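Both of the next two complexes hold chain A, though its partner changes from chain B to chain C.
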Partner chain A sequence: MFDLVEAFHRPSSIREALRLLHAGGRRARIVAGGTDVVVRADPEIRSLVDITRLGLTYIKRSGGAWAIGATTTMAQIEHSAALRALAGGILVEAAKGCGSVQLRNMATLGGNLANASPAADTAAPLLVLDAQVVVAGERSRRTLALADFFLKPGETALGKALLVEILIPAPPRGARTAWSFQKLGRTESDISVVNAAAGLQVDGKGVCKWCRIALGAVAPVPLRARAAEALVTGRKLDGSLVEQAAAEAAREASPITDIRATAEYRREMCRVLVKRALAECAARAGCSL
Partner chain B sequence: MRGTSGVLIMKTMQLRLTVNGETRQWTIAPGDLLLDVLRREGCYGVKRGCEKGECGACTVLLDGKPINSCLMFAAQAEGCDILTIEGLAVGDVLDPLQEAFLDHGAVQCGYCTPGMILNAKALLARNPHPSEAEVRETMAGNYCRCTGYLKPVEAVLAAAGRAPAPARSGRKAVKR
Partner chain C sequence: MSGDRAVVGQNLRKVDGVKLVTGRPAFTDDIHLPGMLIGKILPSPHAHARIKRIDTGKARALPGVHAVLTYKDVPRVPHTTAGQAWPEPSPYDTYLLDNKVRFVGDRVAAVAAETRAIAEKALRLIEVEYEVLPAVLEIEQAMASGVAVIHDEPDSTKIFDREHNIAGYILREIGNVEEGFRASDLIFEREFRTGRQQHCPLEPHVAIAWLDADQRLVIRTSTQVPYHARRQVAMILQIPVSRVHVIKPRIGGGFGGKQEMLLEDITGALALATKRPVKIEFTREEEFYMARSRHPQILRMKMGVKRDGTIVASQLTVLATTGAYGSHSTTVQGNTGSKVLPLYRAEHMRFECHVVYTNTPVAGAFRGYGCPQGFFAQETLVDEIAEELGRDPVEFRRQNMIRLGDIDKLSAQLGEGKEGLPRHIRSCGLPECLDRAAAAVDWDGKRNAAGGPAHLKRGVGMAATMQGSGIAGVDWASAFLKMNEDGSFFLQVGAADVGAGADTVLAQIAAETLGVSLDKVVITSGDTDITPFDVGAYASSTTIISGGAVRKAAEKVRAHVLDMAAKMLDAPVDKLECGDNQVYTICECRKAVSMAELAMHAMYKEKTQIMDGASHFNTDSPPPFCVTFAEVEVDTETGKVRVLHLVTAVDPGTAINPMQAEGQVEGAVAQGLGYALIEELLLDGQGRPRNASFLDYKIFSAKDMPRLTTILVETDEPLGPFGAKSISEVPINGPAPAIANAIYHAVGIRLRKLPIRPEDVLRELREKLPTL
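Take a look at the complex of A and B:
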């Protein structure tokens, strides 16, 4: 399958990895977990640069913020007791749905994002968490919002740089803050037909002070449903508001028809998942709808 | 591979790893997948199935963790410790999981069996007494196209000491 590959590199530093990637040009490919690169089997590949030995496998907490190395596997996220306490465990839940046990031992968080599938399960919870990605170039590093990272299916703002870290700023906390991740797939571990995540914070009167809603597999990229968020923010959370926000999120979606679902079905399920996510958040935040 | 002169050039590299407790050094091509190298070197218990990480027939334990060897480049296993089904028994003494698969008739054509047993081996190492739901969730990455999953699930639970031996209470030990 990869008979034409001429070199397999195992660099031990980011600098060396970047040099090898640049030297290899269009025909060089990054490999970490391999679960996307191998399946795609691009015959143009002539050199592979393994980034799993760069020291980018870690989960760090500092204050309320988190930094996760790009080559951290789904299994490591799933088994992190610390991450389970972050945002009601929505990232852990999303990682658990990323394929079988075997795949989760291989697939990496950085790969899930850099592959830029609109259906990437970890993208929706990370968007809700206002995550940023740290990107290393040959001369400098930059940090950009995950929301600006995805450009179109399979394409990111990475260019020739390397995704090295995912940053999660300290999220809102407290008893009146709640989170939810929703996924619709053929099976629990299958790719999402639609996914959604939400996070919200209400005050003592049930008025929403802060809201995030993110959608997956219903647009060219995973995206925030900003109009739906704006609708909810500043208003008292009730059943009717949840219905309206879900309908608004479905309007913000621009799904396509493919082998897994029709566009119409996706839009309708997007509405249902956002409604479920907001209802679950409301219940967890102690609001009765 | 053909170089500019049209002459066949074979690029190779060295791979050092431990397979079933023995140190190995193999010559591989840079694009070789771990599945192909293991089979080429005689580990025929590593089965070629879907070749896209869905069926689990190619499962091996890499540093104790189950992975799909069809999705891993062999070069990535440098310095790693690999267990295939060939390395599970100690001499003529089968692993309790292998015994349980035999006792429960959990093997039909046998193609999925090595992957199932290795995946279950890793599960029991980190969770010695899993629930049936945990066993089923773990085994979701191992497809059987003969007979199904009931007997393998029973076998794993039996090996974990969770279900009585089949001779005494048969299938009723496991709720469906």
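Take a look at the complex of A and C:
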């Protein structure tokens, strides 16, 4: 599998990891859980830089905001009682559906994002949460919105830098705030055929004050459905609005046909999942549609 | 039925269980021989091509490469890879290596090198110039005039019609179906399609070959058919059978894919060429498209019925593809007729089948062996007929199904590649299977409560199926037993435990017969130097055929034991009984001798080895029966079908080990569920596999499994050891039709193509209810 790999590095600092990564050039690859790197087994790889000993495995809360280290595993997120309380547990739900138990024990949140699969399960809930990513370069650190992080399938704005942390700013709270994560796969531990996440807040009259809708596996990158969000925001939530928003989200998608589904089916499922996500949010926020 | 039996019928632990769960080195790949080389096969990138020029110079020159073989370096011996009894009914259309390639993945060359990386590099250095030929990929194209002829080589034999790419053709009729249709009140005819499922064994195909100190070729291999593999390898490599030693260690699942001589020949050829041990192990990707798969079929099923529900005539017309080579081509397809149609007692039956070559991955034996396709068609159509007649599907089947005392005449016409033998039904638990399974799923309650809230609709459906137990008049086996000083016995069988538990069941049969506990029987199986002949693990034959041989051998040994005890106890043989690891008198005097004492006496006083062997075959193949009930939930917005409950009731005759029997049912159900809903190897327009990995080809895992209820309805089969028939295949047939019928019950659409994918469900739903 990695017969041509010459070195497996286990640096203990971010600085050292970055140095090894640069020294290795385009033949060096970062590895954490290995659930993508090992499966792909790129024959070009000559050195692997293991980042699981950089102290990047943590889930921290400060005020209403959260910081999750890049090498935190899906299993750790899945079993985090604290994260379950965040945003109706949509991130926990997404992590839970990510492959099998064995995979979740290895796979990391940073890896799920840096791999830049349009189908990444955690991307949609994190987009809904306005998450940011902290990226460490040799000289500096920068923070950018997750929405700007994905460029195209397999490609991020990371360059030769290292994704070290995922920041989740304090989300809207309260009884009239609700969240939902929806996933359609072929099996229970499958990659998403389509996934969708939504979050919204309504006022006492059922008017939507704030709305986020994100989609996975229906475009080159995980996507915010901004037109659908705009449609919902400021209007009274009802069945018809949910249908309209779902149809709008489906229009924003640009799915492809692959082994898992046709483009037409994905677009249609995009509508169905957004409808279900918004309906579930509405129900949780106490609105009757 | 097991009331007075100490070993048979008991849930005893697998005799090989501890070494498996503790990870002891038990499998083919668990040994490493000094100097062992790694072999790799260069797969064809083209679906159909002639090799115009092949230059292995650079590959041979690569340091670490010990051999590169092409068709120029090996004997050209037409053969079949199907591991069947001689003479194999499959066409002899395959060569160790050939100057023509017939599917993407076909062998072009083989390399043996110091490491896998070197072997892979050597493959890349082989220069091949192909004359690419038009490929026949679609099953319906294959017989058309003017299309490419896939087997144009003159030396292949037993091909039905090579000019039209027809590997095999079957036509059998009992009664006169045309007359039957004329006599029918209603006629139903539908077309069905089934997909290309792959076996997905935990352990891929792997073989290690070397020359022993006597320069005999030893092949340690993951096979279901050690004896057939030995015979075929000897023929292909042109060495005497006595110079080949095949060892079958523990096997990580075969499911029919290893009833095939697939790597043994090429691994052996590389070992002979290099004089070094050579290992070839398929990667998962290679396993998907270079090994075998289930025959895709297009089935046209026609049935004529009277208004009173009597099925008068049934006709099944099949177009199947065997892929590029005819392994198991006519025999799998023969089963689609012979094991399916006779489930119902139609007076007139007709089965016709063309098996065609295409430039696609090779199909072969696969658990169910043609029955899953046939039963999908038949059981779905029967459900439709019952609906049309306003009859309950269970009652409609009950009216028409085969029963005790019946003689199935279609089997007489459709044997293993030749005329067969009539099948007498001497045991039949079908009625009880129907009763108990219907109760377990709450059939009456749920049949009247289809539907459900909003977009989730529930329904229940069912199917009835049968199989065989060994191939009548063809399968045979032998067993040998000898007694040790401690009163234990060594049991040697050619039977091939592939993980299904045959070693345990056979040891239980021996132990029961000899009156000893299971730990007193030490079994060795599937080693052609040590154990006597057995056709191998296929056709649901091991328990009934190999078990029959064990029973006979054990009875002979028991007679020797009793003779010895008669002398020691000074009692007549007819007053002696074996049990509890001793021989005791059944008269007033109450004398006994332990097996250990008896063995010591025989060996050191009488100077006699207590031992004997026996061979066994049957002239009939008693069918195990099975009914499957499914409860499903259809998501009408996504088309996803969730199976909530699968109830399987099976009549396996006597269950020698009920716990293992249930395990076989659950495994078959899991595979049948995948066949129904998600499993299909897909090809692109050039015949290349599109989903040769578990990322893209999905199988159901523990997380996906619905609630399973497994019911064993035991009967007493006169032809089986202790009344046993078989169990490992029959439960795979039911899930697809039962689920299709349950979907109909839930939402009123008929799905006639496997696998039933969400997109197809959604499309059918939209056609039925355009407003959805």
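Definition applied: the second predicted complex is superposed on the first by the 289 of 289 C-alpha atoms of A that agree within 3 Å, B and C clash if a C-alpha of one lies under 4 Å from a C-alpha of the other, contacts with A are read in each partner's own complex, and residues count from 1 in each chain.
As a convention for this text, a residue touches a chain if its C-beta (ideal position, glycine included) is under 8 Å from a C-beta of that chain, and two chains touch if they have at least 3 such contacts.
Note that the structure is predicted; figures quoted are calculated from it, not measured.
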- [ ] Examine A:39 and indicate which partner it touches, taking first as chain B and second as chain C; both and neither are also allowed.
- [x] both
Open item on the list: Going by the contact rule set out at the top, does A:269 touch chain B (first), chain C (second), both, or neither?
Closed with: second
Open item on the list: Tell me the contact category for A:4 with respect to chain B and chain C: first, second, both or neither.
Closed with: both
TODO: Based on the superposed arrangement, let me know which partner A:100 touches: chain B (first), chain C (second), both, or neither?
DONE: both
Task: Greater chain A contact set [chain C / chain B] - done: B
TODO: Using the touch definition from the top, say if A:259 reaches chain B (first), chain C (second), both or neither.
DONE: second
- [ ] Figure out whether A:48 sits in contact with chain B (first) or chain C (second), or with both, or with neither.
- [x] first
TODO: May I ask you to decide whether A:184 touches chain B, chain C, both, or neither, giving the answer as first, second, both or neither?
DONE: second
Task: First, second, both or neither for A:228, with chain B first and chain C second - done: neither
TODO: Could you give the residue numbers on chain A that contact chain B in one complex and chain C in the other?
DONE: 3-4, 39, 100, 187-189
Task: Residues of chain C defined as touching chain A within the complex - done: 115-117, 120, 637-638, 640, 678, 682, 690-691, 695-696, 698-701, 703-704, 758-759, 762
- [ ] Note which residues of chain A are touching chain C in the complex, please.
- [x] 3-4, 39, 100, 184, 186-191, 259-262, 265, 268-269, 272
Open item on the list: Applying the document's contact rule, which stretches of chain B touch chain A when the two form their complex?
Closed with: 1, 11, 13, 29-33, 51-54, 56, 59, 62, 65-68, 70-73, 75-76, 78, 119, 122-123, 137-138, 140-142
Task: Complex contact set, residues of chain A against chain B - done: 1-8, 10, 31, 33-35, 38-39, 45, 47-48, 50, 52, 75, 99-103, 105-106, 187-189
